[in-house]
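Okay, so chain A shows up in both of these, paired with chain B first and chain C after.
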Partner chain A sequence: SVTEIRSGFAAIRGNIQSRDPIRTLSILSYPHSLHKVKSSDRCCITHHLFNFYVDKVFKHCKTEDSYVNRKISSIANSFLSVKRKLGQCHEQNKCMCGQESAEKFKQVLANYEGLNVTSAAMKSLGELDILLDWMEKSP
Partner chain B sequence: DTSLPAPQNISILSTNMKHFLTWSPVIVQGETVRYSVEFQGEYERDYANESWIPICECSLVTATVCNITEDISATVAYNLRVRADVGARRSEWGTLKGFFNRITTSLTPPVMKVIAAGYHLLVELEDMGPAFQFCVLYWKKGQESRMQQKVMKEISSVVHLDTMEAGPDYCVKAQTYVEAINRSSSFSQIQCVRAQGSRSMWLV
Partner chain C sequence: SGELHCSLPNPRNVHFESLNMKNVLHWSAPEGIGDGVLYRVKYSVYGVGKWIRKPECRNINRTWCDLSSETSDYEEQYYASVKAFLNGMCSDWMETTRFNPLTDTKIDPPMVSVSSTEKSISIILTAPEKWKRSPEGESISLLQVYPGLQYNVSVLNKKTRKRWFFSISNNTLVVPWLEPGTAYCVSAQIYVTTPLLHSGFSKEYCIATLKDKTA
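The block that comes next holds the complex of A and B.
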């Protein structure tokens, strides 16, 4: 659940964010914050972002710290669980993707691919609170 | 034969979202056998080259039980394994037969105490951790059809349910609910009390 993702992330946020030297760049918020996304596109963007984290981010976040690795595993497995539920919504056409969500997600990918993969993955992981705050903000 | 047998009878004990891995001891005369545990979630299986993650609290330990609660923190299928070490000798991994998913944890009814404080009907519930919510049902004895419900997402030690009239007995029962696995326990035993100041006693 999202609550468990948030508590798992809270336990390692300082460690992860300290590994991201380029604080002026953002994967999720550049050029526009997630908060600018229309509510009708929220579900689709969330679905895209969960796929993004599962498919691209977590696997490049291995650290030398076994505690951090265990917490990343917890978060990744919780993402998988939520991603599955979002996938069901998508299949039942309850998660429509508009033009805006497609462009927003394309921008996130461009931001991600603009950095080397480990830096991009660590930065994305460090921005989880941005994603969680946005998800929990009611539309 | 210098090979060390892998641990056997590996199983999970999971109650109220607390999960423990247990196994039979590997016996080597005159030697201290140590064990190490690793886990693998669905993410690791499907997206991270089937990698395994060690649980450092259960690395080279002599106990034959490991608390895996912290690491089983998603509702997905987990693999678990344990191996033995004696000096420089190391066994093969013994792997839990089948997956473990926390959705199968057994949920017991909450420990509950119903209190009549004067005319106030109170209930005290055991703190079972952040994953647990409580559903409390209460009614005037004989008026089961007019049962009332109170849902508690966070536990505070004592909860006020109602202000009682003098005379009738008031009965209470409770169950837990775990949102992460979308399951509830069975109800606790019914406990009835009567407003103090009249004959207050436990009536079951």
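The block that comes next holds the complex of A and C.
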């Protein structure tokens, strides 16, 4: 669940963010913060972002620290279960994707592909609290 | 000003201390350096390309700098950095870790007000306000910032030393079926489930139930 993701991330946040030396770029909030997204697009963007983390990010986040690696894999597992639930919403057409969410997600991918894959994956992982804060914000 | 020769020891332990989103940068003086050290401070919004100097914290000799105004948008994250100067020498810029006001602030306990009847006490809780630039500024309760905010309430019967705990989402609680003419003490704590945050317990507020008129 999201609470498990939150507590898993809190345990390794300092470690992961210290591996990201690039202050001037953000995967999720550049150039526009997630917080500028219309509430009608929230479900679709959340669905896209969970797929993004599962398909592109976690697999490139290996560290030399076994404790951190264990935390990353438990976060990844929690993502998988939330992703499945979001997939069901998507299939039942309760998660409509508008123009804005397509644009926003395209920007996230562009930011991601603008860096080498390991840096991009580690930066994305370090931004999990940005995703969680936005998801848990009241609409 | 051109960069000087930077061989001065660095400021240490540069970090934010935040209470109700009043975000103050703190640091320790460089090791082994006496008086006369001056500091400069800059900050940046994570994901945005530039560092911004804080004029009010330019050439200061204290080891803190209030960046509440600059970090008041809690939907953003921040870095801050400090540099030391002494006798024409300087240190490196020393940075904080990434600061997220939403998850990294501490929260004050709620304000507690109590009233009583013969057999019950009523408790009203008020969450603290988010830091604001000036007293005239708009008041934002932390309840608005943290939709998942709850209260843990402790009620102690001073005679029997029996204690009850309640966990409530709204800000009022009526505790019924109490003993008339008895003192009860109430203390409360704020508890946010996600992100995981909690305040300390407030001090105790004691009140006596009214005496039983029929006795």
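In this text, the second predicted complex is superposed on the first by the 139 of 139 C-alpha atoms of A that agree within 3 Å, B and C clash if a C-alpha of one lies under 4 Å from a C-alpha of the other, contacts with A are read in each partner's own complex, and residues count from 1 in each chain.
Here is the rule we use: a contact is a pair of C-beta atoms (placed from the backbone, for glycine too) under 8 Å apart; a residue touches a chain by one contact, two chains touch by 3 or more.
Predicted model only: the values in this text are computed from it and were never measured.
Novice: Under the stated touch criterion, which partner chain does A:Thr63 make contact with: chain B (first), chain C (second), both, or neither?
Specialist: A:Thr63 contacts neither chain B nor chain C.
Novice: Where does A:Asn51 make contact in the superposed view: on chain B (first), on chain C (second), on both, or on neither?
Specialist: After superposing on A, A:Asn51 lies clear of both chain B and chain C.
Novice: Considering only the touch criterion stated at the top, classify A:Asn15 as touching first (chain B), second (chain C), both, or neither.
Specialist: A:Asn15 contacts neither chain B nor chain C.
Novice: Please work out whether A:Val2 is in contact with chain B alone, chain C alone, both, or neither, and reply first, second, both or neither.
Specialist: Second partner only.
Novice: Looking at A:Ile130, would you say it contacts chain B, chain C, both, or neither? Reply first, second, both or neither.
Specialist: In the superposition, A:Ile130 contacts chain C only.
Novice: Could you tell me if A:Ser29 is touching chain B, chain C, both of them or neither one (first, second, both, neither)?
Specialist: After superposing on A, A:Ser29 lies in contact with chain C but is clear of chain B.
Novice: Using the superposition on chain A described above, determine whether A:Gln107 touches chain B (first), chain C (second), both, or neither.
Specialist: It touches nothing on chain B or chain C.
Novice: Once the structures are superposed on A, label A:Asn77 by its partner contacts, choosing first (chain B), second (chain C), both or neither.
Specialist: In the superposition, A:Asn77 contacts chain B only.
Novice: Kindly list the residues of chain A that each of chain B and chain C touches, one partner per complex.
Specialist: 3, 7
Novice: Per the contact definition, I'd like the list of chain A residues that touch chain B in the complex.
Specialist: 1, 3-4, 7-8, 54-55, 58-59, 66-67, 69-70, 73-74, 76-81
Novice: Report the residues of chain C in contact with chain A in the complex, numbered from low to high.
Specialist: Contact set of chain C toward chain A: 44, 46-50, 75-77, 79, 97-98, 100, 102-103, 147-148, 193-196.
Novice: Quick check on the complex: what are the chain A residues that touch chain C?
Specialist: Chain A reaches chain C through residues 2-3, 6-7, 10, 14, 17-18, 23-26, 29-30, 33, 35, 126, 129-130, 132-134, 136-138.
Novice: In their shared complex, at which residues does chain B touch chain A?
Specialist: 39, 41-44, 46-48, 53-56, 70-71, 73-76, 78, 130, 179-180
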